[in-house]
Amino acid sequence: MNKIAVFPGSFDPITLGHVDIVRRAAKIFDEVIVAVGVNSQKKYLYSLDHRLDMLEAVFSSDDKVSVDHFKGLTVNYCKEKAAHFLLRGIRSSGDFDYEKTISQLNHVIGDELETVFLITRPEYSFISSTIVREIIKGKGDVSAFVPAEVNSMLNI
Amino acid sequence: MNKIAVFPGSFDPITLGHVDIVRRAAKIFDEVIVAVGVNSQKKYLYSLDHRLDMLEAVFSSDDKVSVDHFKGLTVNYCKEKAAHFLLRGIRSSGDFDYEKTISQLNHVIGDELETVFLITRPEYSFISSTIVREIIKGKGDVSAFVPAEVNSMLNI
Amino acid sequence: MNKIAVFPGSFDPITLGHVDIVRRAAKIFDEVIVAVGVNSQKKYLYSLDHRLDMLEAVFSSDDKVSVDHFKGLTVNYCKEKAAHFLLRGIRSSGDFDYEKTISQLNHVIGDELETVFLITRPEYSFISSTIVREIIKGKGDVSAFVPAEVNSMLNI
Amino acid sequence: MNKIAVFPGSFDPITLGHVDIVRRAAKIFDEVIVAVGVNSQKKYLYSLDHRLDMLEAVFSSDDKVSVDHFKGLTVNYCKEKAAHFLLRGIRSSGDFDYEKTISQLNHVIGDELETVFLITRPEYSFISSTIVREIIKGKGDVSAFVPAEVNSMLNI
Amino acid sequence: MNKIAVFPGSFDPITLGHVDIVRRAAKIFDEVIVAVGVNSQKKYLYSLDHRLDMLEAVFSSDDKVSVDHFKGLTVNYCKEKAAHFLLRGIRSSGDFDYEKTISQLNHVIGDELETVFLITRPEYSFISSTIVREIIKGKGDVSAFVPAEVNSMLNI
Amino acid sequence: MNKIAVFPGSFDPITLGHVDIVRRAAKIFDEVIVAVGVNSQKKYLYSLDHRLDMLEAVFSSDDKVSVDHFKGLTVNYCKEKAAHFLLRGIRSSGDFDYEKTISQLNHVIGDELETVFLITRPEYSFISSTIVREIIKGKGDVSAFVPAEVNSMLNI
């Protein structure tokens, strides 16, 4: 049976930190699905289509990585995909408390869905989509924080 | 290539929390080595041989789990075993800061050795070998905290 | 003099975690008032009336527990009720920093109002009203997270 | 039935932070027992007798406070005293993770023994027995950190 | 070359905690610029002009302190002012994770802009502009939390 | 008046993380004293003389940096040196709680001695003397963690 992991997020936009987590996880699992969670009540800087295009551009030559999107609860999407693993990156102990809560919840409501954590590498630990968006709004340079493919797709 | 994970620890004694992490990891990896790290400067409640016996008793019918021990740096032991993954359980954000440091270090000195984290389930989150030892010394009952096989091996 | 504790919150909706804290506190105090704080700038999933009905349904047979609501500062409500104690549950160290700040503030502005903390039991530590609301919005099952009386009152 | 709380510790020596927690708790409970836990493997700066003398000196006029000592597990001592509550002060989120673990453990092994937490007041939050001992060893002045009765008993 | 530090914030309104950090920093640096960051998407309780007036009133007799405002990224403002230092106060470990991320980011995007941290004194550790605003909205007394000059300027 | 900062520690041995903090602080202060605190009850891997030699080798061409050692309380040493500032590096929120306590204490017992904090850069955040010592004991390579001058002085 294939070991499939789902890496859920907004990816608004995807950062080098995300890419690192996905590629490290691809050595553990048979398949990693980078899945954009769609929340109609949230405002995004980039449209869903544009975010999916960015993800496709980044992972086009990663055999074990695919790109998708979903609505509703993450646990339901995982069931649908027969994925038994959730993949999450953690940067700090602040992240940890939140991730712990969500992982324990998903284990209960998701038929023993298992969350696997990788810790963000030091050089990416201060990068987040939130911060990248702030710099983009302030007309700053984010080329050190996003993949080259994405950097050329930031103006919309 | 087999995906091998090493789960290092003192296991003085092994707890239900450890067992849970190992069995959940056995669904991710092809092989999990529960490896007792030997530190000649540390004092243990149980001898190395007794701890190994306890581990063998617990995991005797887990196909993908083996028991071993090692001296020196964990990264060297992993290289020797061709294990590319370290397995760790985290209980709290206090654990997290320590584990983060060690995992980043091992990545640098261990040829990209990858540490994979699972979060301890809520019902085991307050169990640690330290606490179990304190209760044993205080003549208390630890049957709710260690595997049944181990509970019968605590008097030495 | 009666020892009265106020347990303030939004209770949108009340969870099993809240119920556990209230019932444990009822062994310490002579009276526990579960008090819905009304904030006109916040959006709620359930109306104030519906939340009060839920609370009444849950605590109808708890002698020492009463249900109420208030506007404005919690410290003023406590003075009005002659309650010298605030009751709070803490789940994680992330909660702790926030609760510490508020408790020290209330002590200063509330005539030495004392905040008493109980730590959420492990099995409820990943439950919060926020998470319950997300599951409800996603059409998931929350019967493991809210009291039976409340579970039948969630559709409105 | 009397509501009795045990406040366990080493009190080597007692600080103003401890005194504050005990006196605030005396407004909640009918009786607070300040109980020195005796651990034969630990080294103390002051002898058990001297620490008990210090505690008696501090609390001699607090009606609801008594002083005692015990060996073995705290939960057993509480049972013996018919105390259903443990009292603990927390200073920081670092303390919190430790206290959470111990309180959840005591709840399980101590017949639902309930731990009640008060947060240390800001002005005492940097005081600990460890720090007071370091200053005493360095011949510094600790009169701002310990009760006046204790300050005159520090030379032994 | 003058050592200039920028202390950025919303100051909505300035608190005694802010004042303490600025005055302590004035002993380290040759000049401290208290700079109101203007974010058109944020809602403030007090207008920019009123906040600047409050700051001027507080620091009018502090020789080394000046008051200013800026739009856009903090790092760009620092370059413009030839300030090589950012000044930040930290209250708790919760603050710390956030401040760490931002300081590491600013170091990368700000030409080695250095962030210097002072820890808030215990007596101010529970004061924040957010809390002060809540009390003001609730018609409470904040005279213990803001400078006297500011307390008389709160009604607008 | 010269602005003097003391950077106290064991430096057993000094790491690249320490060097980074000292050199960044040398841009803030007129003088930085790297001061080895001598504690007769602690066991060290390297002798005091050897640690001082290492420090001299590292900082020999840093004009504003000097090397020294002291016994007793840090605050007393600072007074003796007319240093009004303590310098500390912080790596994680775990460090933070400890450093906060010590800084608030030193402020009280040290005549308003001010502690200034710099956050360790990401690439050094997992390096500590404790970890370096463990690797040295395990015969591993620490050349990526200590200054080149020190790496050649590790065998004694």
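First chain written, first letter: the chains are A, B, C, D, E and F, and each begins at residue 1.
Quick note on the criterion: a residue touches a chain if its C-beta (ideal position, glycine included) is under 8 Å from a C-beta of that chain, and two chains touch if they have at least 3 such contacts.
Given the structure is predicted, the values throughout are model-derived calculations rather than measurements.
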(message) By that same contact rule, can you tell me which chains touch chain A and chain E alike?
(response) C, F
(message) If more than half of the interface residue numbers appear on both sides, call it same; otherwise different. Which is it for chain E and chain F?
(response) same
(message) If I compare contact pairs by residue number, which of B-C, A-E or E-F overlaps with A-C on over half of them?
(response) A-E
(request) Can you check how far apart chain B and chain D are, centre to centre, with Cα atoms defining each centre and the answer in Å? (result) 34
(message) Can you compute the centre-to-centre distance for chain D and chain E, using the mean CA position of each chain? Integer Å is fine.
(response) 39
(message) Quick check: how many Å separate the C-alpha centres of chain C and chain F?
(response) 47
(request) Going through chain C residue by residue, note those that touch at least 2 other chains and give them in order. (result) 92-94, 97, 100, 104, 122, 125-126
(request) For this structure, give each pair of chains that are touching. (result) A-B, A-C, A-E, A-F, B-C, B-D, B-F, C-D, C-E, D-E, D-F, E-F
(message) If we count contacts the way the header does, which residues on chain D are in touch with chain B in the complex?
(response) 72-73, 75-76, 93-94, 97-98, 100-102, 104-105, 108-109
(message) Touching residues of chain C toward chain B in the complex: what are they?
(response) 92-94, 122-123, 125-126
(request) In the complex, go through chain D and note every residue touching chain F. (result) 91-94, 125-128, 131, 134-135, 138-141, 144
(request) Write out the stretch or stretches of chain E touching chain F in their complex. (result) 3, 24, 27-29, 84-85, 90, 93-94, 96-97, 99-100, 103-104, 107, 114-119, 121-122
